[in-house]
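The following pair of complexes shares a single chain, chain A, combined with chain B in the former and chain C in the latter.
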Partner chain A sequence: MIPQTVEFDEVSKFYGEVLGVNHVSLSIPPGITSLVGPNGAGKTTLMNLMTGLIHPDDGSIRMRGLSPRDPENLMRITGYATQYDASPRWATGFNFISTSLLLFGYSRAEAEEKAWRALQQLRLTEAAHRKIAAYSKGMRQRIRLAQAIAHEPEILVLDEPLNGLDPLVRAETIALFHQWAAQGRHVVLSSHVLQEVDVISDQIVLISNGMVVAEGKIRNVREEIHERPSQFIVRCRNASRVASVLFKEDHITEVRLNEDRMGLLVMTRDREQFSRAISRIALDGFGIDAVIPADENVDALYEYLIGEGR
Partner chain B sequence: MAVYKRGYQRYQGPITSYWTRFMVLPRFAWRRMFQQRLVPLLMVIAMIWPLLCAIFIYLTNHAELLKGFSKQFQSFISINGNFFLVFMIVQADFALFLAALTGPGLIAPDLANNALPLYFSRPLRRSDYAFARLATLFVLISLVTWVPGILLFGMQVGMAGSDWLHGNWRLGFGVVAGFAIWGLLVSLVAMASSAYTKMKAVSGGLVLGFFFIMGGLSGMVNVIFRVTWGNALSPQWASRRIWCAMLGVDPNEGPGVAACALVLLSFMLLLAIVIERKLRPIEVIT
Partner chain C sequence: MEYRSRLKQAWTIAKIELGRAFFSKRAFWVYGLALLPTIIFFFHGVQMKIRRQSLSSGGFVQPVLLESAREGETAEAVIQRLGKPHWDFEYPRHRMVSPQGKASGITIHNIAPALEARYIRLNIRVPSYNGDPNARIREMEVYGGNDSVNLALSRPATGSAPCSAAEGPEKAFNGNANDRWCSHAVDKYLQVDLGDIHEIKRVVIKHASAGGEDEQLNTAFFDVQASIDNKRFVRMVNGTGSRFIDEITAVRTMHYSDGRREAVFGFEDGKLVSKKINMLMNFEEDRQIFAGIFQYFYLRLAIFFGCLGIFMNLFRGEMLDRTLHFWFLAPARREVLLAGKYGAGLIASIVIFGGGALLCFGVLLLMQNPAEVQAYWQAAGWAHAFWYTTAAALGCVGYGSVFLAAGLLLRNPILPAAVLLGWEAINGFLPVMLQKLSVLYYLQSLCPVPAPVDKNMPALLQLLLNPAAPASHAGAICGIIGVTALVLWVAVLAIRRMEVSYSTEA
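On to the complex of A and B.
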């Protein structure tokens, strides 16, 4: 049976004396995985390693069972959109995509059909026969994505895929990511826009200084950070009374009242005890409208795990 | 999470052969090259000399047309190794100019635009890319070198008959093999300069510069050390020395075939190393 994960086993990569990534071990399941980290953290290095553009000095990588040293097979199931706007300006969008598909070994008719489908998915059919030189920045970004998806790969590696896209296309592209992930494909992407990562990702990989700081589902990663109290927003009608009840709990470290007196920001060392406490309070008739985790997002994780170390 | 249970199907259909895929890059490179006006122009100019040579072959094979000339002249204009050597020397220069004109557009733009990751994100090895670029140039150079050369040889065989072929078959071999060596050398120089500098104009200058500088250097060595072995440092001289041996022509004074072959081989090896080092999908600056 073909393995369905992207595996990094103790992978290290150095550029001369400069650290790329160090002792990275990862097991990425299908779905949308975001690589998050500051500039120079090693995100692009990880992507280049996955696609075999560079090879590790140490350790091994398997992409659904295939080695990145075997581009003949790997690149048939992998699509890569690099951060560079390298599409040939002299070619039309359609020619660029269909020609690159010929390199995969598709017949001309099949290559043209697949190229057209990719352009349709990225809403580029109207500009298909225009030269790429005449494309806007957003359109060039879309053609970059189109060339990566045209051969319908099962692993998509996308470096900053949403940069330069207008809100409508951005939303449609995110929907495409979800559609691909739902089919059981890998979508590995990097982004600096943390709010976006939050919405898109099934799991995240936080990288800093070439090392993986955390990986997994956002909630699971947050639960592992014991030294930082979890934050919850509680919307309720009688906020001062709820606050006074919560203060009696040992695990509560801080409670802040909202200015409108209709809500609280609660910090707790124990999420489960908090959950039980809030259920009790609700059953006692305090009128709890909503309990929302306030730091169960990439922004907070980034701040806790990477931001503080900087 | 089994992928096949979730609607995605890996492509199972037929794929084209390796060579069909390999030829995609040269085909598109040729199309781009012939969009430049200078390339077809130079190709046409490069055909003038073979045309004149064809006329020469026709004349030498039609004795009635040479009746008015002296016996000495009639014996002078025969089709032999010297004839093909002169043909090769002229065409080799056209090949060099063609390489200087088209070679820089092969790799330099890909490096300047960071397009190599785009190529290597295909089922394509680094060696495939390099050979495809080499083939692009080698085939183009062949069109002005051994292809007209072998046509001239064929024309002479057709007119002079099988007896001539029996005694001169090595000329045909010499033209093809000699031009193959030259074409390979020129293509490698053009590729290396294209990979070394990201600017097309500089790269073109470098191709011509390489041959002029090495020619000048070989002359300097000869003068300073009062030797003739310095000639081997000139790729043109070394190539011509090998052509002479292949065509059975008396060579000029200088190093032998083996020494020249060794020098050319060393040049090719060094150029291949430059290409290998520069042709990386990711440029790493440490």
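On to the complex of A and C.
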């Protein structure tokens, strides 16, 4: 039986000397999956790899059993809305989509019917006969979505699909994602804002610097991040007293005093409890000068992603 | 997916791409290239028709009479026999000629009757023939009764301001023609005091060329005056450096026509000296010109650069527009996409350039004498038209594949164009095996009329313009298709590996 998953097996891609993605192994089941990471993390590279726009230097990719090097079959079941904000000069929204449907072998009547249905789903029927070049940014975003879904693909790959949409359309678009996911399809999205997608996603893949940092159900990802001890450097005037107070907290796993007795290296299992404890100590007049995160890994990434949403 | 549906898919792609191939803003100049020969032949034909129309206004002369004019005949005799010419131009032709023998730059002026004077003055009116503003006098001699005594030798001299301190007026009276008086004042003059009143019989002036300077620097116009009291002067000489002689010839050209030909008779001083009889519409010659334009301009440049414009744009244009990924995301093999785009480019280029060649040929025929055209058409005309069009179309097939592949492999269109143009140019010198790898070699073999070659051209160049051993028609067609297949195979390999990366493209 053909596996109904999107599989990455040790996939690497380099752009010359620059690393694109490094040893990525993933198995994505149907449903909504979000690729989340800061800009430049490699989300678009992964999506381009899935759809064969670029080819991996190493490793292999299977899309429900099909290779991205076989567009003839793969692209029948796959739709990709890219971030490239371009369209043919001649195209109106309607004939852009209906023309691309002709390549699937549909008759003109079928193609036009399917194009119209896709435009209806994205609420673009009013603008259907205007040139895409004259569309607003949000409308161009939606026409790309409409083009990607027009042939009713099983695997939808959508690069930053919520970017530039106003709140009403965004809610409707998210409803569409849910609807497609409920039909057993793959909906693979990308976002650099975790908050934007964590509620709607069945699965999250956190990416940073071309590597998959964490993967799984959203709750698991959170826990995974929380379970890792994180390090902080605390600058304060009375380091040894602060250290003794901190040691009473049960989430603190390690405290090391700096040689100059003006700072501490603290390791904690729970960053939220830690920050509460630090503010309490500061209020008690211990004179905390600064609290600096000491490692740049998942924790910093998580901080960055959450921070973006605020 | 089976073969037929892939073919259908390629055709769908071609239909979509026809718009880009025909109407790309980046390649509109292609039409200019394709239509240029037609425009040239059209205007040539119109011009000839207008000329014939205007020559016919006075009625034509008998063809025999046109040839009867002989050299040496007078214009009047020709007019008497042939009647009034259609056009008759008459004008004097001036020619400045050097006098017989080398001009010495010395002018001798005899004064008769002799004049008594103490002061002799030379006024320079125009200092040179070539516009040089400086007056130059090497020596000025004054003679009385005795030819051997130069009365002015070493006498006190004055003159207008000299060009330099070493070129004062005394240099013109020192008996040495190797130095000179030079002046660029507004009023240029030179004067000598003979010390006493003498009878003046002759004045000799040595101008610039007498001292080895250019003839054109000789004084063009001057006069010499004489005075007894250094106050009232009498002009005794008007002169020029007399370097050139103005030769005037009465030139007359008369145009006659017998309706097919135009005769131009040239007369000089009333005698017929030249006779040119040209065909008004020379079908034979025009066909030769067409053959030349077709080979040298159309095949080598127009189709070459036209295909560059159309075919390189098919992929490169989409990369620049950032729309290539739409094709790569379509459910089609990359080869099918390539075939579709190549098909669109072929249709466009064959329509444009095959049509352009046919149109030009049509205009060429349309302008000629219908009877001649009819005869030609029945003999070889239709075959010529067919092979010209075929050569143009196959040129598009060959060059199209090359530039399609180049557009996939390279970003800069200049590079492949230059390399290919160079390759095609030196192809004639390559070993026979390598010659067969050229599109032009086969195209030249298909041309029905060999291009006219100027026999004065260096042999090397002649070799370059015409293939030494042309292929047979069937061989040429197979050759082009073979070259094309090879190039398209390379293109398929390239497009399979191709990745969409606009960021570095921009």
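Heads up, the rule we're going with is that the second predicted complex is superposed on the first by the 225 of 310 C-alpha atoms of A that agree within 3 Å, B and C clash if a C-alpha of one lies under 4 Å from a C-alpha of the other, contacts with A are read in each partner's own complex, and residues count from 1 in each chain.
Criterion: a contact is a pair of C-beta atoms (placed from the backbone, for glycine too) under 8 Å apart; a residue touches a chain by one contact, two chains touch by 3 or more.
These figures come from a predicted structure and were not determined experimentally.
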Next on the checklist: After the alignment on chain A, I want to confirm one thing: do chain B and chain C clash, or do they fit together?
Outcome noted: clash
Checklist entry - Should A:G287 be classified as contacting the first partner (chain B), the second (chain C), both, or neither? => result neither
Checklist entry - Touching A:T99 in the superposition: chain B (first), chain C (second), both, neither? => result both
Next on the checklist: If we overlay the two complexes on their shared chain A, which of chain B and chain C does A:T82 touch? Say first, second, both or neither.
Outcome noted: both
Next on the checklist: By the touch definition at the top of the document, which applies to A:E72: first (chain B), second (chain C), both, or neither?
Outcome noted: both
Next on the checklist: Looking at A:V18 after the superposition, I want to know if it touches chain B, chain C, both of them or none. Which is it: first, second, both, neither?
Outcome noted: first
Next on the checklist: I'd like to know which partner A:H55 touches here: chain B for first, chain C for second, both or neither.
Outcome noted: second
Next on the checklist: After the superposition on A, what does A:W90 contact: first (chain B), second (chain C), both or neither?
Outcome noted: both
Checklist entry - Who does A:P3 touch here: chain B (first), chain C (second), both, or neither? => result neither
Item to check | In the superposition, chain B vs chain C on chain A residues touched | outcome: B
Next on the checklist: With both structures aligned on chain A, tell me which stretch of chain C collides with chain B: 57-65, 129-137, 273-281 or 327-335.
Outcome noted: 327-335
Next on the checklist: Taking the stated contact definition, name every residue in chain A that is touched by chain B in one complex and by chain C in the other, in rising order.
Outcome noted: 15, 48, 51-54, 71-73, 75-76, 79-80, 82, 84, 86-88, 90, 99-100, 102-105, 147
Checklist entry - Of all residues in chain A, which touch chain C in the complex? => result 15, 48, 51-55, 69, 71-76, 79-80, 82, 84-90, 99-100, 102-105, 147
Next on the checklist: List the residues on chain A that touch chain B in their complex, please.
Outcome noted: 4, 15-18, 29-31, 48, 51-54, 71-73, 75-80, 82, 84, 86-88, 90, 99-100, 102-107, 110, 147-148, 151-152, 154, 182-185
Checklist entry - Residues of chain C touching chain A in their complex? => result 1, 5, 8-9, 12-13, 16, 19, 321-323, 325-326, 328-334, 336, 496-497, 499-502
Checklist outcome for this item: In the complex, chain B touches chain A at residues 1-8, 10-11, 13-16, 20-21, 24-25, 28, 32, 113-115, 117-118, 120-125, 281-282, 284-286
